[in-house]
């Protein structure tokens, strides 16, 4: 089931960029959760194009409809189907995709794998597929909010070679949302915006890094051996379009440390086992240890650029291609709510798995 | 099924470090594969402790036994159970683990999650669990060898802050195996060995980075949307003990490039669609594009060190702990065959999934 | 994933009887299958109410829409979402369900399990859920038709205590569809129709038995040990509303035979291994043997009847209930296309699983 | 994963009849369950050959060894591997199986599916595979015992054409175990034994029916839509060797009733919603309703008989075959603990799934 994610809180996304619509089914959602279409819409609005002048100006209203699984405002425990109709179906703007493989896109691999593909707007390979993830993630987030003070916060720490100073504290949502690049450091945000505008002027694109933190999570989530919490987070992040890397806690830079510096010493604090540092990133042996979960995801520069590039046609002739129309010079800011959604889906799934194994029976 | 990996070629590992034995069951292996116990043993010997003077000198002979699923040297299509008896069961050497949580180990999280744990040698959280992965990986590798010239090669590119120069070509197995750190650059290997010896003398430890390449793989493996090839590789790698990061192709450094440089131009070569660069790392839209798959995994410094560290007891008292006995100052060289095994498992599983969807029916 | 079925050709159904609509997502469908909305509609029309004067006269046009996964008439290998809007949403007719548990329905168990339920028309527990199964089954059937001369034919052999004489040959579709009870024996069909009319006049209901045969299937489908072909067929059938029993081949009556009579002798016929009898029902050791697959499913009398029955209210008060409006005195004829759909889903899934394990690699 | 069963409490069995051994891995077992090897052995002793003079006299001591997953007598939440060594490996007695396909066995279908098979004692298709199920079932049973007064009791109601009078009450274990056919009605048991002896004298075999009841189970277990409790029980039963049918509650005979008689009226009893009859068999809409779960499984006559039968060789020549050595003229009595084991596995898995969805979050 390549279009499904999660073992107990399971989602299946479906839909193409320029088909009738795009959607998701959640199977396994707990019953009795009070959730409104507005709460889901709010998350979708964060990923929508056209939010600021540095992202694509395509008009996608992306109004979500809940088709099943709710009754009188509450989840019933049955599948929750949600759908967003595709308003912007102007296929003509994308005709060239049918003829030429866009470099570093999925055109060639889909065609090769399946023998055919829906070329309209990239079809299934379009980042528009993440609409369903964000809608499902909104419900997962609500579950975590209700179960305690569990908060998930993602934000940009890097655009191209511009990096944010180390952030000690957990940023507020309004800090993140205060600027269009979703970087909680205003000064860095300003420089990021300038850079994005500059590359757009060149008809080029840039990538960046999103950091995500989860706080309030109790110890014990995550499974030995294969379904480690960080392994499932890594899979979740690498399943997002344009991602090239994942790291948790100290990550790649931790490889340059010695064990005596990298190990997180245990202490007692308010009667609880805590660590004085957090190079582990909140997971040890694949299981949350009660500290903040911290991970980062690398996004490559957007593949779609206005500059002319070498490529080949579906018939195997060498040619050139330059994207027309409106494109994001940097998709990373819009990926922030998607990262949060995927993180929420992983946490809720592991929460339920943990409960199943450890709280079903009184032993 | 937290101890299972793979959707069609599925493995389940079991066993604790100091229990009766450790093993694996493969469910879904194709029938009629000729495989000998010696071929599996050869891979296990590569991960075994005591191979050189820079790794732990624990004597683990790790002789594998095939218990089921083969008949007259061939796989029968039924479950292949393999087991390695635990020779080294001297629990006394590890008594302290039962009393004190080792920093940055899984002692605390297991205890918290399950309410109890097998402390002998770390129990299930021991890296000894990977024995089963390597045994299963040997069979997956054989399948790939037989199906063509598919080769998987992992090697160290970094130990602590010592990094190898960029390697253009696919290294040979003998280049990798020519030194105990499994770095195909002899001069760098020498410096890595010196560094490992130095930190061992300090009672400390270091980590590093393993790069892995897969060549000969045809285009079309990997699934949109969640089960992208790189997503499953990321999960596979982050499921290994001591890993903190994963990147494919350009990875984190790709975030500092512009799209015009990062996009891999398509050309025609010998009648095939190829790319002139490989920042994608062999995957586009989650699917292999016929170029080399290239990914890297970050390993933190070994958590077990001889220096004294602050920690707490299971009763919640602050204390100190210094590991006794024989420990690896750097586990990364021994992780090379494990990385290869996990990569082989991912590829074989996707190979079979691809065949199921795309070659079952003649359409 | 309680609302999903199939390991490789996987479907997820969603929707409630009186919500916005009801639908299905197919994940894993092979690409390049030519399929039209009319072919799917044709199967849905066979399960639709109001087809004859012996079934419920509710008007449900049940027009299916394909929302994703097709491009220019062909499947693309991506998820196929299909939806049928709910035209008949007159909730008032069903208000009583919200207050009183209908005997032998799912009202009480849903309420108990989830703490709430959508009572409108039975919500998710309505047999209307099978719309999605039939739509998906139409695609599975098409795959089987294309892959050879594989035919699936279900028909009634029993209504109440009226049974059909043993049918030696595989009936044609037109024989089955020639009468509203879908019994290929015209004389028996006549008596069944009379019986159904009689019980309807009494405000009562009856059940029956559906036999299903699959011919043209090659040997080798089905898995040892748990996923035997008959085990998955049994699960598929018992997952249908109102089913109480399943048997394959000789079934329950085979228990009164001796082994010497029951064993199916092997012979050679046209160079193929065949059996002279088929008490096995086409499966041996869980795997198809190339003979006809034959199984039967028992359906209980419809729970909804016009006669007054004892029951309790949601508040725990004893009361009486008599169904109002239009109801099926016998749902079994309408279940025929649903049985065929589920059988097709099982066969296609096992077909793909078999190919994955046995044809992926050349060994 | 054809050799796996259960979504959360998952077992994988492995091993061949005459290989090194036969075993099972349980993945997902709750931690902290106190269980002894003796408790598991006790269940295995019930399925062992040679228990009485009416079953096969093969000597299989079947001593189980727990290899992993327990520490100081308690489950740790990690995989529990158990193994029974194969003592009786006299392959010579079975050489003929390699040359001739036994009628109504799996020899031909395995050979056809996989291209080869382990013929020694039937290899993987031997009923000896159920050893692992019974060992795992013993642990599942213990979980159910501890969680309340949940009891699972299976027993024979039919051998050949000899049937037991309807049993109103839940029989005791000692009633069932008081005779070698495991029929709680002593007079019927006597006749069953005579019949089995008679067919054995003829070199023939007989089948029968096992009824299984589960009492003490609360309402709410089982999932709409596909994973209905009865659907999973049906799959579990049809996954057992030699089974041809399954029915729950009124089953096939319920098809001859009218709805007004078949519906189970709800009443209030001691403040609980109960039914006055139980034609539903304890499940409504796929979910337990708090009444006794009652189901029956049909077992065909043993395929192995001493009489000469027509068959073909692996080379496609017609021949005859008569089984030599010790065989069960009726395997049904030995299947009683296996039915109970499978039922326990289904219940525990659904118990944990129910808890995961409905008790993980406080809503």
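Letters A, B, C and D mark the chains in the order given here, with residues in each chain numbered from 1 onward.
Basically, a contact is a pair of C-beta atoms (placed from the backbone, for glycine too) under 8 Å apart; a residue touches a chain by one contact, two chains touch by 3 or more.
Since the model is a prediction, treat every value here as computed from it, not as a measurement.
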item	value
Farthest chain relative to chain C (centres taken as mean CA coordinates)	B
A-C or A-B - the one linked by more C-beta pairs in contact	A-B
Between chain A and chain C, centroid-to-centroid distance (C-alpha), Å	39
Inter-centroid spacing, chain D versus chain A (mean Cα positions, whole Å)	45
Where chain A and chain B are represented by their mean Cα positions, the distance between them in whole Å	26
Residues of chain C touching at least two other chains	2-4, 13, 28, 31-32, 77-78, 113-115, 124, 224, 353, 358
Complex contacts: residues of chain B adjacent to chain C	7-8, 28-34, 77-78, 143, 146-147, 224, 351-353, 355-363
In the complex with chain B, residue positions of chain A that touch it	2-5, 13, 101, 103-106, 108-110, 112-115, 124-125, 129, 158, 160-161, 199, 202, 204-209, 219-228, 230-239, 241, 243-252, 254-260, 262-268, 271, 273, 275-276, 279-281, 283-290, 298-305, 307, 309-312, 316-318, 353-354, 358
Residues of chain B touching chain D in the complex	1-4, 10, 12-16, 19-23, 25, 27-28, 31-32, 65, 67-69, 71, 74, 76-81, 83, 113-118, 120, 123-124
